[in-house]
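Following are the structures in question.
You will see chain A twice below: alongside chain B first, and alongside chain C after that.
Showing the complex of A and B:
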């Protein structure tokens, strides 16, 4: 009941947010014209062309990125059993960004391009975080994973910065992207990123019943017939694909993966079969709103979208962390 | 002891288990009587938890095997085993905000797959589990809002919803007051008698073990120190060898079963 209500509500809000997002820009376009552009497209109408040929790309980018980050957050939090798990805090975004910048600086071009490179970078850095934080006698504790993630994230970012200082051309190409920005996109990147995100999302849906059992503890989950290793490995793969997709489109955007799952958990359900699809919807919505805010709050200037999400997300993180580690 | 692997049931055959070559469960052979309550008793560190972890497939056996209805459990798909053998570990994690109904529903996992998520059978199994454990009245409350005894009944309900012929419980009465301990043990006993389940339970209270167990298995340093079946008498000597504690034994005139009270070392010397 509450679940179906939440699905309907978030879908409605997403549609409304999308219409607003398409209408806002250097030239304001009224909602009815936006809707018309989809259902009665007039090739000679200037507004219709702006919407379909220019603004739609940015909207798709925002929705793919937001949905991917929301779902990646849910998965990450279930795998490490820690509500502070977030792709940005745990260094996955920084790892993805580092991989993209390094391949770009070295002039390498790879099949599927940016999204797959980013996914590999995210996976590599997160494996390092897991490796470091599980060393020592106490094993993997929430505190250690969080600290290690923050440290590795800073480490990766500093290497990224160093690479950019040495290579001015890459710096020019990457500067706004690194702040988490949705401008200057190309359709190919978004297409392949959406493909990767779709695979990650399908994996997440498929894993969600097993991840529900994982929440009851390893022994309980195994006793209920969950294969722990398989579940964790596939979850990590899904997380890497989702982060890679998000970072390759929009650069490292933080805190969506923290705020969105927390919201769903509080308001709707802790059942991951519900949380995964709802976090996709809600993540898309939140990033859309953040993007609208980033573009309209300080007109004529535009903030990077990642700055906007950090302004809201960082205080939430501090609040949650202080409650958790008190 | 005599056992036959062709016979259906849960049988341990020369089972050894442990961590990183350190053997904790050492060559145990044991047949668990069906539709009865078997109580595992032993001092801390005797290998009970390792044994349960092995049966839960968290550990691979270092030697021998655990056989369920003629098939080694470590050679079957883990989900297939989960339809035969339910396990309630000592301190499972409780996700915040989960309602009793949702928790008990999770016991249906082994019966579901991606295409078949929730069926009438699932619904019936959960409702029966709620009814048997007396948790139906708070089915829609969050589990964390309940008392310790009620919470434990919810976990048992979850194990029941799994509808396995065999149920293993690791110290289900720990941290509960006397009334809840009795309630849980009565429930487990009723499961064996009225619902044909085979129950294996780890207990620390010797008197409860003697009173409720149809069979008692005493473990010491990873080996079986003694097995008592119905009618076999438990002796202070056996208790001494298992726990290294001197106990006084009396017989309960109502049941004819023994009960034990440890000697107070200082008081008894004077």
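Showing the complex of A and C:
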């Protein structure tokens, strides 16, 4: 009951958010016109053209990114059993950005382009963080994972910065992207990123029953017939794909994966079969709202979307960290 | 000679306990620093032989005007700034680590740096007419407020949670800086970007003077409280029993690192990780009490920044990497190493 209510509510909110997102901009377009543009598209109407040809792209980008980041956050937190798990905090975003910048600086071009490169970078960095933080007698503690992630992320971003300074061409190509900005996108990147995110999302849905059991503890899960290694590896793959998709579209945007799962866990359910699809909805919604706020709060200036999410997310992180570690 | 390697030295009525091994080590480090400065003076886009500079020390007129300008007004202030900043950041880290009894505490890591930067950015954007002299003052106010905020949020400063909350605070300030950067005038943003990158190339004699003016009292404060800080390491209760005013000491010893970091950040922008690396290396090389630790951290921090600046300046000519970026390439792995050492404790 509560779950279906939440699904309906979030879908409604998402639709309303999308209409608002399409309407707001340098030229305000009334909600009725926005809806009309979809159902009775007139090629001569200026407003309809603006919405379909210009603003729809940005809306799609925001929704794909938000959904991917929300789901990635849920998966990360259940794999490392730590509510502070988040692609930005654990350095996955920095790894993805580094991979993209390095391949661009070296002049390599790979099949599927940016999203897959970003996914590989995120996976590599996360593996390093996991390896480092599972050392020692205490094992994989929240504090160790978080601090390792921060250190790795500082390292990766310093190399990214150096590569950008030394290679002017890459800097020109990457400047707006690196700030975590949704403007200046092309359809191809969004298309391939959406494909990658869809694969990751399907994997996440398929894994969610086993991840549910993993939450009971390694031994209990094994007794219930869950293969630990397989589940973790596939979860890692899904996380990497989702992060890669998100980063390749919008650059490093943080804290969506921290706020969204926490919200759903508090309000709706801790069952991962519910959390995964709901986080996708809620993540898309939160990023839409952040994007709207980033564009309207300081008109005529447009903030980068990543700045907006960090403004809200960093205090949430502080609150959670101070509650968690007494 | 007693067990700790201490030896008594008497000159007239004055006497002191010194450790020859530590002094030798320190002398060696100073020699390396001197060599690095000479290297930095002679190398660059226009190589100037060391002999020419040496001769110019005795006969100033042998150097032509252009070379004189390059050496005296471009390279020398930059190198001095590197030395000064490294020393300031190193000592700040050492003091912070000892008063918090937390080996991961570094004013740069817990958000003081970002707090300073945000305050200075506000100054650059809102009051561009105000001079360079105001920057350290405003930066200090920002840094102090940030430090207070982190301490208030974390309550217990000697646990890893302190670091985590500091990192969270630094993210929040970084986002705030993002707002300033997008909403301000483009010309101001350029000034700010240059300053933020943590590059020493803008160093001039005025900045060196400002930094030195703030560094001297803070250094003195730290050295005068070194003995009390040694005792305070035994724990608050014991230290109080032995006659140390612990709360006043804590106040002074948190104040001084914040002042040092703020002065440094407002002069050259954000250079991180020096306060984390230098004290650990100093402890490894010199051992001993607070005085040795502070001096060692200062010298090692200076060495680190000098090295980073020389590498960043010369490795990719004609392009230059800011020293801040070079140091965080070393700093990230070093932080991981420290975590690795403590892997069983948290």
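The rule we apply is simple: the second predicted complex is superposed on the first by the 326 of 326 C-alpha atoms of A that agree within 3 Å, B and C clash if a C-alpha of one lies under 4 Å from a C-alpha of the other, contacts with A are read in each partner's own complex, and residues count from 1 in each chain.
The rule is short, and it goes like this: contacts are C-beta pairs under 8 Å (C-beta built on N, C-alpha and C of every residue); 3 or more make two chains touch, one makes a residue touch a chain.
Keep in mind the model is a prediction, meaning the values are calculated, not measured.
Annotation for the three-chain superposition on chain A: chain B and chain C fit side by side. Taking chain A as the reference, the larger set of touched residues comes from C, when chain B and chain C are compared. In the overlay built on the shared chain, the residue A:213 is in contact with chain B alone; chain C does not reach it. In the superposition on chain A, contact of A:317 is made with chain C only, not with chain B. By the touch criterion defined above, A:301 lies against chain C but remains apart from chain B after alignment on the C-alpha atoms of chain A.
By the touch criterion defined above, A:165 lies against chain C but remains apart from chain B after alignment on the C-alpha atoms of chain A. If you stand at the C-alpha centre of chain A, chain B and chain C are 100 degrees apart, rounded to the nearest 10. When the shared chain is aligned, no partner comes close enough to touch A:122: not chain B, not chain C. Minimum C-alpha separation, chain B to chain C, in the superposed model: 20 Å. Annotation: chain A has no residue touching chain B in one complex and chain C in the other. Chain contact summary for the complex, chain A toward chain C: residues 132-133, 135-138, 141, 143-144, 146-148, 150-152, 154-159, 161-162, 165-166, 179, 254, 298, 301-304, 306-308, 310-311, 313-315, 317-318, 321-322, 325. In the complex of the two chains, the chain B residues touching chain A come out as 53, 56-58, 77-83, 85-89, 91-98, 102, 106-107, 109-110, 112, 114, 117, 162.
Across the complex, chain A is touched by residues 104, 153-154, 159-161, 163-165, 167-169, 171-172, 174-176, 178-179, 182-183, 272-273, 316, 319-322, 325-326, 328-329, 331-333, 335-336, 339-340, 343-346 of chain C.
Those residues of chain A that touch chain B in the complex are listed here as 81, 206, 209, 212-213, 215-220, 222-227, 265-266, 270-271, 273.
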